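Once you've had a glance at the structure underneath, I'll fire off some questions.
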Amino acid sequence: MAMVCLSDFEAYAKKYLPKIAWDYFAAGADDCTTRDENILAYKRIRFRPRMLRDVSVMDIRTKILGSEISFPVGIAPTGFHQLAWPDGEKSTARAARAMNTCYIASTYSTCTLEEISAAAPGGLRWFQLYIHRNRAASQQLVQRAEALGFQGLVLTADLPYTGKRRDDVRNGFRLPPHMKVKNLERAFEVCKMSLLDPSITWNDIYWLRSLTHLPIIIKGILTREDAELAVRHGVQAIIVSNHGGRQLDEGPATIDALAEVVEAVRGRVEVYVDGGIRKGSDVLKALALGAKCVFIGRPALWGLAYKGEEGLQDVLRILQDEFRLSMALAG
Amino acid sequence: MAMVCLSDFEAYAKKYLPKIAWDYFAAGADDCTTRDENILAYKRIRFRPRMLRDVSVMDIRTKILGSEISFPVGIAPTGFHQLAWPDGEKSTARAARAMNTCYIASTYSTCTLEEISAAAPGGLRWFQLYIHRNRAASQQLVQRAEALGFQGLVLTADLPYTGKRRDDVRNGFRLPPHMKVKNLERAFEVCKMSLLDPSITWNDIYWLRSLTHLPIIIKGILTREDAELAVRHGVQAIIVSNHGGRQLDEGPATIDALAEVVEAVRGRVEVYVDGGIRKGSDVLKALALGAKCVFIGRPALWGLAYKGEEGLQDVLRILQDEFRLSMALAG
Amino acid sequence: MAMVCLSDFEAYAKKYLPKIAWDYFAAGADDCTTRDENILAYKRIRFRPRMLRDVSVMDIRTKILGSEISFPVGIAPTGFHQLAWPDGEKSTARAARAMNTCYIASTYSTCTLEEISAAAPGGLRWFQLYIHRNRAASQQLVQRAEALGFQGLVLTADLPYTGKRRDDVRNGFRLPPHMKVKNLERAFEVCKMSLLDPSITWNDIYWLRSLTHLPIIIKGILTREDAELAVRHGVQAIIVSNHGGRQLDEGPATIDALAEVVEAVRGRVEVYVDGGIRKGSDVLKALALGAKCVFIGRPALWGLAYKGEEGLQDVLRILQDEFRLSMALAG
Amino acid sequence: MAMVCLSDFEAYAKKYLPKIAWDYFAAGADDCTTRDENILAYKRIRFRPRMLRDVSVMDIRTKILGSEISFPVGIAPTGFHQLAWPDGEKSTARAARAMNTCYIASTYSTCTLEEISAAAPGGLRWFQLYIHRNRAASQQLVQRAEALGFQGLVLTADLPYTGKRRDDVRNGFRLPPHMKVKNLERAFEVCKMSLLDPSITWNDIYWLRSLTHLPIIIKGILTREDAELAVRHGVQAIIVSNHGGRQLDEGPATIDALAEVVEAVRGRVEVYVDGGIRKGSDVLKALALGAKCVFIGRPALWGLAYKGEEGLQDVLRILQDEFRLSMALAG
């Protein structure tokens, strides 16, 4: 079977992953309305294509927080990559480096930050953080990441509690015994999601700021009001995200929320978006609406499920080709 | 099978109830457009989720007409609970008390008001009333309810005649011989729905007022004009309702009508809504649009059909958990 | 099988009529968009139901051009009733008289006007006319109708040529040999639809006026401009119609066109509507939007196909009951 | 099977063409959204039909760039007609001449311009041009076309690179060995699409102008901005086109873009449209929105696939009859 577009990787992953893993990656909260809206909202946006422009040479590189990447698509933080491919996040890190783009490693990785760093030295990586009730543990994680050369800290703001994903409840989802949330193992004796701190507020950004010199990127913003608060609290960038539709169902699609966030921010910080990117033209739409870069979540997992780091590179390369082509055709 | 969300109870009830009972509970008038719109209208409403608010402690209790309930979801009046579970309304009353919420018992109960009261002493209950051609009979019912400690009187305004529910006509729906509309048995020799009085008007509120000290809640209001009339005629609360889409087809969804009623009422009386609540986030939406509380109809029957009072408690507990989670995630 | 609503008659007719007859009655032009829109447009219109009005006594009689009918639903002109039931238009006439409503007999009847008159003496009937190239023939028809006691003349304005109904072309539709377009037989040696005159204009209303004392009702108006022209040319009433979606595809649904016609007419002539009426509440919507009466086409044929005049009476009675109920429930 | 409407030809072609050829003709870019929108957008446009106008005589002839055609439907440029019928573009040319309309021959024809000319001497033909990196080759083609009596030069502006048509990639689409892109064979040793020049700009119109006395028609314009540029650069006509949805997906439907182009042009040049024409009433809609003429792409290929030049004439004749009928019925 030829892998022509991202849906081909999705079909492959659905066919070959264990049901419990597929369901976990595919899950959306409640009725999955927002998960699906993320995709449908892109389809509702129409180009106004312009003709007869010289598109023989196109430069699709960009910079995010000062680091150059080969094209404006990075890897969003998602958990448990070993569910998709034995080498897990190590493969993800290698593929991202090979394609010269940014990989945001999740707190809920099945490899340690050290393993990830060692797998692809020199790659551009950010670290995604949840704030735990045990602040010392979070502090340790931040400092480990900084010491290992991670170049940004992504604070997830939309998970005070975990959303209700019905299939995971039905499946009684849990990691297989041979996989571990290794980053937390070292820091906690017991690690459960319920250890996440639901009392965190904007002021905790200052606490985080005090721990690290890394830029802070806040992930999960969907309104102009929160975008303004994020800027005021001194973050360096915003990822417009609804956690792939896995948290609050029936909020806005991310591409619909993007415009209002971009407008509120007025260029003071960089704005990215994740959720629903399935084609190169989606990337172009996000950029046209003001995003500096997009991040892909599930498609990266499908790539891993297909052929590990090679599969993920295939996914990125297809997006890159499609993005370049849609730029040319849109003029 | 895990019971994860309300649809699971619906599927169970559809599978295990006798067809004639399922059809009766599920029925909508004519093409069932309004019945289905009640649900679809919720899906069209989008949240604007806010982040980084302290959601570690949330108080979801509320008060309706001065009585505290554990969360803003009560049991709407529906008829013939023995069709769903042998103990009928006695189970409903027990489940409502166990969950510390309000149960509106229907005139068309298959248990007497006395049996309902005895099944769950001390529970918060209101009594739903139709006005019959024989006013004395209605008067007796009101006075029985008041004497038994029911704390509110819900006057249904949208049933001068019964809506046309095609499946019921096809099935020749009637109660099985061993079930009776027991409340009316005592008062009438003959009891048929056609004894309902289609000539009642707003002035009959005054008549009702003269019979009882209980607060009067009017159920079935869908327009600002009628909301204003209700307030002027001295009711204590309004339930925005279209009778689950069982009366006039192709009127508005209740959640769509809610905003106009709330606006017209301007806080002078409490406003509730029923119809189409299937998830905790629906409750949150109704509250955000001005309802003080919502009431569930069919989901309560599905809960009964599943496991009697236990099943109904399951339904209420799921709604409660989902409501609390969606509050946290919406900030 | 219980006949509960008009769709039941439709299903029956589809099952038991010869395919060629069913296809002919069901046919719409081209993609059948307008045919289906006629129905869908009703579903998009929402009631604002009012409560607690005295609906114990309702008078649903009305007058059209001075003649009282038992409720505001008449029989629209459709051709070839013998395709639905052996007695053809004679049955239609009897059913209309039995229900005390108006029947518009088509030029393309399979019974003569004399047979129709004799079948139900004293019934309220109008005659539907196409203008033929041979004006003398049309004149004869008008004068026969007037002499037989028909009380109105309905001029069809939307058929300069016959619309393209694909199934009829595929089926090679033609009347079975034992049926005839009897009204034209007497007047013409050769009768084909192509004898209709595509050159007729508004001035031909004056010619028609000169032939008869009967009121002239124009059928097929869909715009305010044509409504104004109709009034200026002295017609007594307008039927908003798109010929059941059988002529120009992708014009407006009749219920959508009704409001603009009513507004243009400003009460100077009566306005009726046909197309898409399937429930009593559709009748109520049409009246609320300004129609004095509605006419049913296909549902009448389904009734005939079910049981001749009895079946058509069933259809009318169901509509009447539903109309009365929806009036009561809408307040 | 009766061939009643264009969909019948589509069904035939889908059934009888080799899959690789059908897929090639049917292909749209990416998700085929724009391809399908071209059709759906016509369905959203509604007529306002007028009655009682004299439609006994209708003249449906028109002139495009001074040449009379029998009705306002021409043949859009599409490649590889031998995939549909052995005689390829020769049959197309004969059918167009027989129906007295205009045929735009594609650069990617499987017959030479000379063969096409010889097949139907005297027919009205335009030549469609891509500009190649090798300008001399393009120049030769232009001059050959002019010498052969082609009367217009259609410059395709929307193909700096070929769109991504997934099925073609999956099928590994290429011409069968016995077919050749004959026009280019003579001029190039090597011919690949990648020889198209993606650096062309509006200024190249001047270069083209310098090569020929033929009128220049620019194809692929979708915005008012580009329409204005086209007029300023001296083209004689514009074809509003999105290449049948084969280039940039999720741009506008052509019929939706037409109005804005017509408005921008203000009559200074003729405007045509292609894409999505499936019925005679679509032609009428395009003309009502300001197009002087429409062009059909896939339907012409279906006609060829059915019966070569006869089949294409059938397609054109059906469109002509439907167009005339819809004009009459719309008044």
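As written, the chain order gives the labels A, B, C and D, with residue 1 at the start of each chain.
Methods note: a residue touches a chain if its C-beta (ideal position, glycine included) is under 8 Å from a C-beta of that chain, and two chains touch if they have at least 3 such contacts.
Everything quoted here is computed from the prediction, not taken from an experiment.
*Asks:* Return the chains common to the contact lists of chain B and chain D.
*Replies:* Chains that touch both chain B and chain D, as defined above, are A, C.
*Asks:* Same residues or different residues where chain A meets chain D? The copies count as same if more than half of the interface numbers are shared.
*Replies:* Result for this pair: different.
*Asks:* What whole-number Å value describes the gap between the mean CA coordinates of chain A and chain C?
*Replies:* 62
*Asks:* When the centre of a chain is set as the mean of its C-alpha atoms, what distance in Å lies between chain A and chain B?
*Replies:* The answer is 44 Å.
*Asks:* Identify all positions of chain A at which a residue touches two or more other chains, and write them in rising order.
*Replies:* none
*Asks:* So, with touch as defined above, which chain pairs make the list?
*Replies:* According to the stated criterion, the contacting chain pairs are A-B, A-D, B-C, C-D.
*Asks:* How about chain B: which of its residues touch chain C in the complex?
*Replies:* 30-31, 33, 157-158, 160-161, 163-164, 166, 169-170, 197-202, 204-205, 220-223, 225-226, 229, 242, 247-252
*Asks:* Show me the residue ranges of chain B that touch chain A in the complex, using the header's touch definition.
*Replies:* Touch residues, chain B against chain A: 2, 4-5, 43, 45-57, 279, 281, 321-322, 325-326, 328-330.
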